[in-house]
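Okay, so subunit A shows up in both of these, paired with subunit B first and subunit C after.
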Partner chain A sequence: MNAQALLELADDELVLGWRDSEWTGIAPFLEEDVAFSSIAQTEIGHARAWYELAAKELGTDADALAFDRDPAEYLCAPFVELRLVHDWAQTIARHWLYESADAIRIDALKSSDDPDIAGLAEKVDREEVYHRMHAAMWEERLRGEPAFQKAVDDLWPSAAALLPPDQRATLATIVGKDVPSNRLLLAHERGQHSDDFRPLWEEMTMVRRSVPGASW
Partner chain B sequence: MNFPRRLGPSGAGRSRASPGGSRAGQGTGMIWEVFRQEREGQPFQHGGSLEAPNLVFAEAYAREFYGRRDESFALWIVPREAVKEVREPYVAEVFDRDYRRVDGYSLKVKLKEARERAGTSRAG
Partner chain C sequence: MVSAERVWEALAEIPDPEIPVLSLVELGVVHDVEVVGERVHVGFTPTFLGCPALEMMREQMEESIRKLGAEPDVEVLTAEGWTSDRITPAGRRKLDEAGFAPPAPREAGGPTLVQLEAHAFHCPYCGSTDTRLDNLFGPTPCRSIRYCKACRQPFEQFKTL
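What follows is the complex of A and B.
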């Protein structure tokens, strides 16, 4: 696994964690606020761990990778960039789709030839168990709601594009969908950014850019 | 989410529909009491309470708040309604029967008190 693939993973986790953290203080009820914020923070922790692996290969550090790159250099999928705050159905739909996809990805990484990557995937997975439990309970609760069904349908092509093509059929089976057509996938493939990404990047890197090169 | 507290002025007199006070009854459901066992074999102690619509959510939140950072070996998650609070109506013991009291078994506290009395409390 090269640095580029590590960065894709790390950027996904950082940006999704950042998006989920936008619910802190405004989640539908207090218990969920604490739980979802904690999940967001865990995702960012995973991002740091993947960045550290990439940083070793690239001769830099995790902070520089997370915050010092230009928007075009980020390799996250458009799926994680979408700003869904104030829409809980969409947020949970993405959470459930993301965790379902991430489980497939992490599972494959656990049998990586690189012991660092396999070891980290193993560690990450132990925390992801809680994320999946949380996502599953919400999916079960909302599955009958038209707003949730619509959110899943709307997000599905974007969610499928999160994974490399060879893992998409597995995801489709797990979430009970068909693999979207290439035409549908085109607008969501990794390598491009959604309109929501630039404002996210501006805010996410604002403090760090305010005093370039500072030691925090 | 609530901090540990007593169940209410009088268990019998309180409505079961709103056991948790002001935040309950807003649609998220029931209050669950969480007990934690810090290490294997130790007694369970009350950790706090939380609000959740069903046991599945209660379990996820309880794990999130009390379990997943290795701070507990095991949890008990109990609907507050299942807890029967009893308070003795008698004002005080009439006869001196100290020997029957069971509050002397907390060795940790007793030791701490004894050490303090002796002025030999352990450093740190």
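What follows is the complex of A and C.
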């Protein structure tokens, strides 16, 4: 697995973790404040671990990869960038679609030839079990709600584009959808950024950019 | 030259930063200790990768090794995954006494929602198993919140990992 693939994974987890943290203090009820804050913390912890593996290959460190790149250099999928705070149906739809997709790629990484990658995937997978349980619980609760169904339909092409093409059919089967057409996928493929990404990057890197090279 | 045994003893005196009733050794995060001349290598397996206490644990281990007159080399081992089964029997007892229900043993395939919603978890205050899952997530990544219907007390459950 090359550094680019590790960065895609790390950037997804960092950016989604950031989006999850935006619910801290304003979720519909206290349990979800706690849940989304905790999920955010774990996703960002996973991002750090993947960045550290990438950093070894690239001869840098995890913080530099997380915070010192230009927006165009980030490799996250547009799906994780969307700012969905204030829309609970969309937030849960993304959470459920993301965890379903992430489980597929993490499972594939567990059989990597690189023992560091396989070992880390194993560790990440065990922690993600709790995210998946949480997502499944909410999907079951909301699946009959029109607002949730619409959110899943709207987000589906973007969610499918999170995974490499060879894993998309598996995801489609799991979430009960058809693989979107290439034309539909085009606007959501990795390698481009949504309009929501730049403000997130500004905020996320603000402290680090304010005093370059400082030790925190 | 300091002995590995002496290093283990010193590490066993460091309390967990978030649950100080048990030590880092009882928590099972010290994977191995190797002494090479003046250098002490410690393999450290963090509980959850997003644990905010990770850096603090590392610094405390380094400081403790320096106090023994040796040069610390604490390596974070992410591929050697920590599991909640690594908490020692003494550590489990101390958790229980402090009001944290210790983790259920990890089964093949890991925990499931059906298991967590079952009445198999006992309350650390009154011992009743008439408890329910209130939140999969808690104040730190390693804890869930449960509620005891017998003594009407919410309590924290260490997650099975």
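One rule holds in what follows: the second predicted complex is superposed on the first by the 216 of 216 C-alpha atoms of A that agree within 3 Å, B and C clash if a C-alpha of one lies under 4 Å from a C-alpha of the other, contacts with A are read in each partner's own complex, and residues count from 1 in each chain.
Please note the rule applied: a residue touches a chain if its C-beta (ideal position, glycine included) is under 8 Å from a C-beta of that chain, and two chains touch if they have at least 3 such contacts.
None of these values were measured; they are calculated from a predicted model.
*Asks:* Between subunit B and subunit C, positioned on subunit A by superposition, is the outcome a clash or a fit?
*Replies:* Aligned on subunit A, subunit C clashes with subunit B.
*Asks:* Applying the document's definition of touch, where does A:113 land relative to subunit B and subunit C: first, second, both, or neither?
*Replies:* It touches nothing on subunit B or subunit C.
*Asks:* Can A:166 be said to touch subunit B (first), subunit C (second), both, or neither?
*Replies:* It touches nothing on subunit B or subunit C.
*Asks:* Once the structures are superposed on A, label A:70 by its partner contacts, choosing first (subunit B), second (subunit C), both or neither.
*Replies:* neither
*Asks:* After superposing on the shared chain, does subunit C or subunit B touch more subunit A residues?
*Replies:* Residues of subunit A touched, subunit B against subunit C: more for C.
*Asks:* Let me test your reading of the model: by the given contact rule, A:44 touches which partner, first (subunit B), second (subunit C), both or neither?
*Replies:* In the superposition, A:44 contacts subunit C only.
*Asks:* Based on the superposed arrangement, let me know which partner A:123 touches: subunit B (first), subunit C (second), both, or neither?
*Replies:* Touch partner of A:123: subunit C, not subunit B.
*Asks:* Touch test for A:141: subunit B only (first), subunit C only (second), both, or neither?
*Replies:* The first partner, subunit B, only.
*Asks:* Taking the superposition on A as described, I'd like to know which of subunit B and subunit C A:34 touches: first, second, both or neither.
*Replies:* Touch status of A:34: both partners.
*Asks:* Shared contact residues on subunit A, subunit B side and subunit C side combined as an intersection?
*Replies:* 31, 34-35, 38, 127, 130, 133-134, 137
*Asks:* For subunit C, which residues count as touching subunit A in their complex?
*Replies:* Touch list, subunit C to subunit A: 48-52, 78-83, 110-113, 116, 134-141, 145, 159, 161.
*Asks:* Can you list the subunit A residues touching subunit C in their complex?
*Replies:* Contact set of subunit A toward subunit C: 31, 34-35, 37-39, 41-46, 48-49, 52, 115-116, 118-120, 122-124, 126-127, 129-130, 133-134, 136-137.
*Asks:* Which of the residues in subunit A end up touching subunit B in this complex?
*Replies:* So the residues of subunit A in touch with subunit B come to 29-32, 34-35, 38, 127, 130, 133-134, 137, 140-141.
*Asks:* Write out the stretch or stretches of subunit B touching subunit A in their complex.
*Replies:* The touching residues are 1, 23, 26, 28, 50-53, 56-57, 60-61, 63-65, 68.
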